[in-house]
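Let me give you the structure first, and then I'll get to my questions.
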Amino acid sequence: MPNSDPIKPLRVGLIGGGRIGKVHAQSLKRVGAVIEIIADPVGDVAETVAGEYGISKWSKNASDVFCADIDAVIICSPTALHAEHIVEAAKHKKHIFCEKPIDFSVAVVNNAIKAVDDAGVKLMIGFNRRFDANFARIKQAINRDEIGKVSMLRITSRDPSPPPIEYVKVSGGLFCDMTIHDFDMARFLIGGEVEEVYAMAQSNDPNIEAVGDIDTAIVLLKFHNGVICNIENSRKAVFGYDQRVEALGSKGSVNCGNIHPNQVVVSTQESVRRDLPLYFFLERYMDAYVKEMEEFVRVCTTDAPVPVGGDAGREALLLALAANRSLAENRPVKVEELRKLA
Amino acid sequence: MPNSDPIKPLRVGLIGGGRIGKVHAQSLKRVGAVIEIIADPVGDVAETVAGEYGISKWSKNASDVFCADIDAVIICSPTALHAEHIVEAAKHKKHIFCEKPIDFSVAVVNNAIKAVDDAGVKLMIGFNRRFDANFARIKQAINRDEIGKVSMLRITSRDPSPPPIEYVKVSGGLFCDMTIHDFDMARFLIGGEVEEVYAMAQSNDPNIEAVGDIDTAIVLLKFHNGVICNIENSRKAVFGYDQRVEALGSKGSVNCGNIHPNQVVVSTQESVRRDLPLYFFLERYMDAYVKEMEEFVRVCTTDAPVPVGGDAGREALLLALAANRSLAENRPVKVEELRKLA
Amino acid sequence: MPNSDPIKPLRVGLIGGGRIGKVHAQSLKRVGAVIEIIADPVGDVAETVAGEYGISKWSKNASDVFCADIDAVIICSPTALHAEHIVEAAKHKKHIFCEKPIDFSVAVVNNAIKAVDDAGVKLMIGFNRRFDANFARIKQAINRDEIGKVSMLRITSRDPSPPPIEYVKVSGGLFCDMTIHDFDMARFLIGGEVEEVYAMAQSNDPNIEAVGDIDTAIVLLKFHNGVICNIENSRKAVFGYDQRVEALGSKGSVNCGNIHPNQVVVSTQESVRRDLPLYFFLERYMDAYVKEMEEFVRVCTTDAPVPVGGDAGREALLLALAANRSLAENRPVKVEELRKLA
Amino acid sequence: MPNSDPIKPLRVGLIGGGRIGKVHAQSLKRVGAVIEIIADPVGDVAETVAGEYGISKWSKNASDVFCADIDAVIICSPTALHAEHIVEAAKHKKHIFCEKPIDFSVAVVNNAIKAVDDAGVKLMIGFNRRFDANFARIKQAINRDEIGKVSMLRITSRDPSPPPIEYVKVSGGLFCDMTIHDFDMARFLIGGEVEEVYAMAQSNDPNIEAVGDIDTAIVLLKFHNGVICNIENSRKAVFGYDQRVEALGSKGSVNCGNIHPNQVVVSTQESVRRDLPLYFFLERYMDAYVKEMEEFVRVCTTDAPVPVGGDAGREALLLALAANRSLAENRPVKVEELRKLA
């Protein structure tokens, strides 16, 4: 009587118990997956997180995860280890969820994707914003032809305050660290590929300038289908996380504002005002993180295709590298230039 | 060759050179009417206003206006003189625009209306809000059946700060002075008559309480057609003139917010804020005043019916008197009770 | 080694596996409480819900819940059984969460409260809206003196569509069933008691009229501290759940709009439009329900006072009964009239 | 007793009775200037417009305007004649208001400016948007340090529909015809000069493509002070004139939405919607046009400096030419390249 069996929950292993690892642990619990094991090499992080989220096994060693009796691996290790962990997980025939970016090298990324393909497992990349209700609704408006053929796209993406300078140093630079989400969003919304990239940027924070990075940028993308897109980035929008999108099409436009913690307006003799928008990604994208894990579980337990696969990781990286080159050489750069290098 | 003659501009006389008299003088110029004469008994007001607006004749005596070679009279005298001036203007066969309220006595109002009817001239009452773009759009939404059959109506009507206490004393009380506009708006929007009135009120300003008036009130109206309406009044909305309407119908709702001087939003570490709404009636209703005069000119120079006639003045007054009685006796009051008394 | 013991989760029993029972079951899981048992007399509801939410015991009999080894009871039975279940739970020394209203009789409510007090257990009433982020922020604005001394309060509370007529028949009428939430909200926000109530109402739906109920109402409240409040109710706001509050004070005003599923605006040749607000209470108040259970757990596991106790249930009921009488007799009704009857 | 003389109104002559000529005629009347003469070579345009606006003299010949007994000239002739008319007016010692652009050649523009300087008359260029309440408020926010040091600026500027193709052909191209307003706005708001320009563009309308022009563009500006700016242009925003600005600074951001004809929101079972924004420049900028003329009159009758002089005309033109070159050569272009060519 197989019908009377309940659906078996997905069994996952978690690599990395840092901030994003804990976010995923919480989401996985919400969507009914079972975290069998967590690994983290730092101090007693693995044990502590295991305690917090009721995970029965912990280890300092990622290889204990790969060897565990699980269906899938959630990779939240530092970027430098992502590709290696993907390859290892693929070898052990586990489905894989990996945080962005896969790597800063296209060749390394391609290698990881090949390992996944060879193993026949599924790989989903952590571009969480695709699962945000605002951006999903904009995608829907485009798909449903509510605004006709899209001609322009703008992505505004600004953090409330710069990360610690130690982080900036190893971040891979603004375009690989931060804009990479926007590159993916542009591809997601337009449903096509970019031909050319031009970047104009500035460092307004002397500390960021001192380590050779930028904190303020506009990146232009020209898609093969003629859409032109501008991405506005800043490390410092003091009023809060600034995450908006606007598309113009032949039949109208669609845009979204930021999300506020409430709809309350206070009017006094001085002003008519609202509370600030949600402060940062943990506040703004908490629902999106849950939806993302829900989707990963669905993908691992059915025949459903992966909505954000390794290709998405590679293409976003190529755009980031093209933006880096555009900035370095102050000229528009074709994406193919970068692809050939890989 | 009469066809080659240009349309002769309307020739008007203005009685009263106070604040509202000057507003109308300016609007009349904008809409191409010619103000032939102004009368005001106070000091050198008539002469000064004549100079400001290029009016060729002035007088201290209203009778000079009635006898002048003009088509219409604009009555901006104190309320106590409105009815007398209407009667006199009617006798001289002039069309009449009169500020609200006509009088605080229904009998006196009826008498003035009779004089107008007997003379066969036109009388338009200064319920300027009917010509405001927001409220006109709400009326249109109702008329065009955008929200179906209306079941509830709310009118929010709050001044930024109380008038001088000397004015309050002679104002006729909140309902006759301020709410009268809202009573007219309710009748205008619903297109029907009120059966019953209930008022709940309070004095929050001790000076207003000292002279026996109120400054905070909610008035409920039950229309014969079943619509229930609430009017929210306050003499003190410190953020600015609060003039909003909301109607609920079987197919939806319609509402309007206040009007701001600009659409600018400033976001800082403290708040997301806008500048205050337009401060008071001169700022908010300037366009409506121009439209009102445009309409009066149109009515006087064509066969068009008067959009806001003497009846509108009387019915709004009846509602104000019913609200006064409801408050005095703390009970719902039928409008017919007041009508019979007149 | 007491420090090494984890905090013991609250053990609860759930009475009633209907819509709201399931909402609470889900919230209780989210906040870490353990549901030990569920009882529901209807068909296989108890067993089914037990399966859905991983509850180990189920019964058709509420008495099995009272006798179970639990700390608290969640009462989601029909209103007619609320008081009886409260009394029984109190006897068994369980803390109690009970859905609103406790009963339609003040005497019965008082008796239930007495049983709770005698037993020394805690009773929390399910006025979930107090835990909504919008209304909590409005309360905060008032408490923090952002708008000065409050003079007027408006509560707009409209359902998207009427309940089945069979439900209307046993609902206790609009004021006891629906407005009771708004009565509680008014008391919560003003932090004081009401002196007098006046209700104006209408049935726009002939089916509702046929069973002697109303579907459209405005209720005025006069508080002892002078605040005047209007509550706007309708069973039919076709655009979605309409849940807004606005307060006017001596230093400004505070209001909140409805909550939409996204911040997306679509502009076309026809209009500039948003998606509809959240449809009904399950969508709008899901976060509030979680917060409510979180608060109940906190209250049961600490010395914290109950934020919404039996008194709140009784006072809201008194206001509903006063509104009923006001409507029946078409006159303002003092709350004390009703209290004396009890 | 010269003090008793009223201020003599400014006497102006109007060259060109087309759409914008009539807009200025109306504004000049509103602000109390006297239009002594109008010239237009086309058919009976001069006579007709003279009749409409009560102008006593008319001519087919612009030279009749220069020779008239007037204080100032309003040049609304076709762009090809602007510079010639400026030079002629300067020779006749008239103050000059000239529509944008002065000319498509920087050398010609410089020559016209020189003639003005030599004659010691005043020249004001018709960048009307500077006088719009929204943009003036944004300028104020920047000047008052409400948002700190500006790092990014975005100007969205889209027409509701493309002009007739015959107009496009002689328009000088999108950047000289349309974006020129945005170039001026960028300089106005930032209060500095641009170093480098990069343009990405597209023709979505085949008719516009056929005549070698573009209809969709993003232009990036890098200011000497480090601000980066993006201008978003389209000839086709079907929902109406899309005129918005957003600036990000170290202490916050400021932005403005479009202006709607009313604040009314209609909520139905389908959507929550507003009427479209003001359709095009005549609707959106009517108040700005009046303010512009008010300012011109003030400048001509006092010692006040010109707020938007010939320099502003030249600098905006240089940016347009740089954008043209950037597009033609697909590379960032320094403004100095263009200046040197002049």
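Just so it is clear, A, B, C and D label the chains in written order, and each chain counts residues from 1 on its own.
Everything that follows uses one rule, which is that a residue touches a chain if its C-beta (ideal position, glycine included) is under 8 Å from a C-beta of that chain, and two chains touch if they have at least 3 such contacts.
What you see is a predicted model, and the numbers here were worked out from it, not measured in a lab.
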Original post:
Which chain's C-alpha centroid is most distant from that of subunit A?
Top reply: B
**OP:** Report same or different for the subunit B and subunit D interface, where same means the shared residue numbers exceed half of all residue numbers found there.
**Re:** same
**OP:** Would you mind pulling out the distance in Å between where the CA atoms of subunit A average out and where those of subunit D do?
**Re:** 43
Subject >> Gap in Å, rounded to a whole number, between the CA centres of subunit C and subunit A >> reply: 40
Original post:
Which parts of subunit B, given as residue numbers and ranges, touch two or more other chains?
Top reply: 238-239, 251-253, 267-269, 275
Subject >> Interface residues, subunit C side, partner subunit D - complex >> reply: 237-240, 260, 267-277
Original post:
Within the complex, which stretch of subunit D touches subunit A?
Top reply: 149, 151-152, 154, 158, 198, 200-202, 204, 216-218, 220, 222, 226, 228, 230, 232, 234, 236-239, 242, 248, 250-253, 330-332
**OP:** Provide the residue numbers of subunit A that touch subunit C in the complex, in ascending order.
**Re:** 30, 133-134, 136-138, 141, 146-147, 251-259, 261-269, 275
